[in-house]
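Next come two complexes, and both contain chain A; in the first it sits with chain B, in the second with chain C.
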Partner chain A sequence: MKPLETVPPEANSPASSVPDSIPRDIVRPNLDPNAPSGVRKFYKYIKIFRVTLVERMTYRGDFLLGTFLRFVPMATTVLLWKSIYDSSGRKSLGGFTYRQMIAYLLLTHISRMFSSMPGLAGGIARDIRDGTLKKYLLQPLDMIGYLISYRAAHKAAYITTSAFPYAIIFWICRSFFDVPSWTTIPAYAVSLALAFVVGFAFEACVGMIGFWFLEVTSLLYIVMTLNFFISGHMLPLDLLPRFWANLLESLPFQYMAYFPAIVFQEKIQGAALVRGLALEAFWACFFVVLARVLYARGLRRYGAYGG
Partner chain B sequence: MIDRTLRHARLIASLGRYTLAREMSFRGNYLVKLSVELLWLFILLAFYKTVFMKTSTVATWTEPQYLFFVGCHFALNGLIETLFMDGCVDFTELVRTGDLDFILLKPMDEQVLVTCRKIDWGTSLNVVMGGVVMALALYQMNWRFDPVRAVAFVVTFVCGTAIAYSFMLALTSFSVWLVRNQSLMEMWWLFSSLARYPREIFRSLAWAEPLSFLFTYILPFLLVVNVPANVMVRVFDPATVAFTLAATAASLWASRMFFRRALRSYRSASS
Partner chain C sequence: MAIIEADGLSKTYRVFQKREGVLGALRGLFHREYKEVRAVDRVSFTIEPGEMVAFLGPNGAGKTTTLKMLSGLIDPSSGSASVLGFTPWKRDDAFRRRFALVMGQKNQLWWDLPASDSFMLHKEIYSIPEAQFQSTLDELTELLEVKHLTRQAVRELSLGERMKMELIAALLHQPSVLLLDEPTIGLDVVAQVRIQNCLREYHKRRGVTVILTSHYMRDVEALCDRVLVITRGKLVYDGLLSGIHDRFAGMKLVRLEFFESVPEGLERYGEISRIEGPVVDLKVDRDRVAEALGAILDGHAVADLSVQDPPLEQVIARVFEEGRSDHEAA
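Showing the complex of A and B:
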């Protein structure tokens, strides 16, 4: 059985799918009619964010339990890596000491907290398949804008509610961490924010394939399973043979787990850090543009059957 | 007794044929499910290959021995998922909707009907894939056929499956009280993650020793894969095999009692 780490706890909560009907006050925000149209357009996405946030906070107990449970297997991972380091007789493997390795594996949880988008691609494909996508076409609402507001609210709720258990777990594991310099923190924050955009736009692109193939669930499983390894969630990419490490470091998947973690650990600094962040920003823009193009092209093929 | 057992065996075979026919209605989907499992196995093997490029042993297990352990875990987990997982996950829904009434009214054992109702053929080849990995490991270590070890392996593999099944049944039973038991898979994964590694890793840190004792002698989940893998490729200890047999009997009995106790608390939701 694949580990549930491929499916973050958000996916288990009942509100992980887009509702069939969008609340009326979102589409017609109660806003001064004289306000500029740009403000009115933006305001409705703020409303979507707020409504979704309230909805998500209803299940905060579930979040807390789920987050704690998620870290229990981390105990066996710590033991496994301790055994690996002890057996190898080496202090460093692939440039990571034992402490750094455990810190890395914990930090990938933070990376995935930002980059994973459970149910996003499947939800888009389902809307296309059963015809409910037309709810975005009949109302003055952009689908990608709606989804990004919805996901941002999910993430805000998840990060808020899981902050407490995460703080406890990271405090217990504090001996594994080196405190980063003050210049690293903004770079880490930027890498996480971009990880969110890369994760969102990449999953949206996968979901858009539903315009061309009716059933993409199986494809999703393959992509997500593969992503778990090639994003560096299982182990740092530096441990792989040089050829594979170079190959995976040139792909965008590393930005969903590996890259933010090594930024925090200051394994990438100076010009290399700036170049890494620029590349991450490039991939974020690339996937956003690709999602837009796929959506525009897909709509031309869309038949709006069912729904 | 024999009649009853045969009747249940026939029932499981019929359910198996029915679920296979359903699965084959979507052959493309079935093939993709298999390819996902195959991909996951390759990822696991890539992970351990990478680890063994840095060290020759992990917690005293050599690479071929560890490969055998991984194959054993993959096969055993595949067997559990094929036979019982879908039925157990579905139990929550049966309780919530009150459809459990229809199962309780049937002239068959409720536990068999609940847990074996949905055979998932999509994970069935995991057993074969795990078997291939184990065979590859035995070939790598030039294993010479030993009938005693082979028989002990089969027996302890069945015992491991039975212990894992008992834990799954106990977790499933909680659905009666919780009504919504959405975290069953998560809880199951927590337990199965314990079985995924050799018991020796618990000796690497002092705080883990009590956990090793707890999950070996009180909640014997660490025996599930460790014992069959050990008897085949490492130490064959008859005392451990005997203890595993006793633990299996105790787990099956305790989980059945717990399941029946849960059923007594069930209040139909449909009327």
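Showing the complex of A and C:
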């Protein structure tokens, strides 16, 4: 008698025979009818901006309260500077009168509204460490382009929702301000827009360090604390000894707080203003390029070691 | 023409050897010791368009590393690969728009947003035309029966539901190549079967080329004809799933039911693994099956008999074990 046919237990209709529907020319690089070209390529980043904006607007109540609370410490700052001026017996310190000093400190809040990027560097470092970075490698999506759209949306949402409380606060403090001339306003707007780019690209560069070091939180803390001082957020750079003032004014950090404020106050005008804006534009480009280079190098390292 | 080609693909990691204790850590600051780990060792294979292939291997065998190289996440230490005519680790946009990688243990969706928002974002990222986006989405949500869940925040979904959403997100741009790294890990049997069915159906409709790694033989048996077995970074088998038995399982399972009680002396045909009443299970060497059955049928009154391959899981487990002991001996 012949042995019986063997019946493997797993014979439950596997379906992986090649279907006929496959086009023969499937292995060809340029078979891509949906490939975007030119301006269309940037369209997705605008879309990311819109999606994020919608998401962020749901937190508008939070913004409103946060903005008011942010200015509570200002009351003590005003009193502090009042006593400093009174006890010094001088009308101006570092070229700032008492009124100008308070206006300056309020204006740095506006500068920081554009240039501060809470959590950007830490977020990049975390994405690298926990592998979320893969998303940008697998999808036709540029990480820096994505993050800048995302941040721009954050800022837009934040600025629109906090415009009202800011208006109230500035109206209360109106006696401290001199109204700038109409030609200053566009220069101020440019300096703020560039402050956003400088702030973004600088923090992005710091975040890229995560490619080389696993733990960056303490480094971030140092950088951010230092930045509070050297950007002029705490006090105008002019108050420092000449050497330090010169040094800090030649560094890029002043564009994140000091520079836009003094543009509004018309302490820098004419050729010096144009030169200042040009330098700010230079630093913006510098950090964008640096962030790109660090990203490209980081990815090479990631490809070789990590994954 | 092959859609995926790997030629001598190797990946060596340099792993930092941490010393024990405080002193060791201090010494490590000045003199670091590294160990070279060959995660993937000269792996070569080709896959034709429309195939569904399984990568099998124990943990740490190099399956995921191979998938990472094929998807361009990491570059190889040596060797070459081509997917859809591209070198994956160059990460051309044109390449990235035509493949997808789904990792069962990694989340690609936005945690706090409903899946539909992630889908919308994918539509923009991949520039999917509106009509195609809608029809693909409808098709997939129907296949996976999750239409009612797309407006719910992803973090509120169950593991199975989330995996289905991941799969939808990965297929929205209609990739030609789909790499799946343990897509059913941790899922219950119902969800596993649902995902298997979806993959099978989608494969039938679109002819997508699929590489799948899984620890569940059920996935592999349901979906793939062809398997690549990797142990210790080396490709040890490339062929039909059914061929694994011929190659690795030295024996067959013979079940005999006698009219009376089980006779003595069956040991000489093979190992007795179970006796229950008049039924006996015998493990018989593959090439002796015919001879053994002939002898038994001649000598005894047999009521019923069947010959089966041993369960695939057991065979695979043995292959993995052999790979391990080979390595340790070397």
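One rule holds for everything that comes next: the second predicted complex is superposed on the first by the 266 of 307 C-alpha atoms of A that agree within 3 Å, B and C clash if a C-alpha of one lies under 4 Å from a C-alpha of the other, contacts with A are read in each partner's own complex, and residues count from 1 in each chain.
Simple rule for what comes next: contacts are C-beta pairs under 8 Å (C-beta built on N, C-alpha and C of every residue); 3 or more make two chains touch, one makes a residue touch a chain.
Owing to the predicted nature of the structure, the values given are computational and were not obtained by experimental measurement.
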Touched partner set for A:93, first chain B, second chain C, both or neither: first
Chain B versus chain C as contact partner of A:239, first or second or both or neither: first
Contacts of A:260 with chain B and chain C, given as first, second, both or neither: neither
Touched partner set for A:252, first chain B, second chain C, both or neither: neither
Chain B versus chain C as contact partner of A:303, first or second or both or neither: second
Touching partner for A:165 - first (chain B), second (chain C), both, neither: neither
Chain C-contacting residues of chain A that also contact chain B: 1, 3-4, 9, 12
List of chain A residues in touch with chain C within their complex: 1, 3-4, 6-10, 12, 14-19, 21-22, 26-30, 32, 34-36, 40, 43-44, 47-48, 51, 55, 131, 134-135, 137-141, 302-307
Of chain C, residues touching chain A in the complex: 1-3, 13-14, 48-53, 65, 68, 71-75, 84-86, 89, 91-98, 100-101, 106, 108, 113, 117, 120-122, 124-129, 173, 176, 200, 203-207, 210, 217, 221-226, 241-242, 245, 252, 289-290, 293-294, 297, 305-309, 311-312
Interface residues, chain A side, partner chain B - complex: 1-4, 9, 12, 65-66, 69-70, 72-73, 75-76, 78-80, 82-84, 86-90, 93-94, 215, 218-219, 221-222, 225-226, 228-229, 234-235, 239-241
Chain B residues within the chain A interface of the complex: 28-29, 32-33, 35-36, 39-40, 43, 46-47, 50-51, 53-60, 77, 81, 85, 123, 182-183, 185-187, 189-190, 192-194, 196-197, 200-202, 204-205, 208, 211
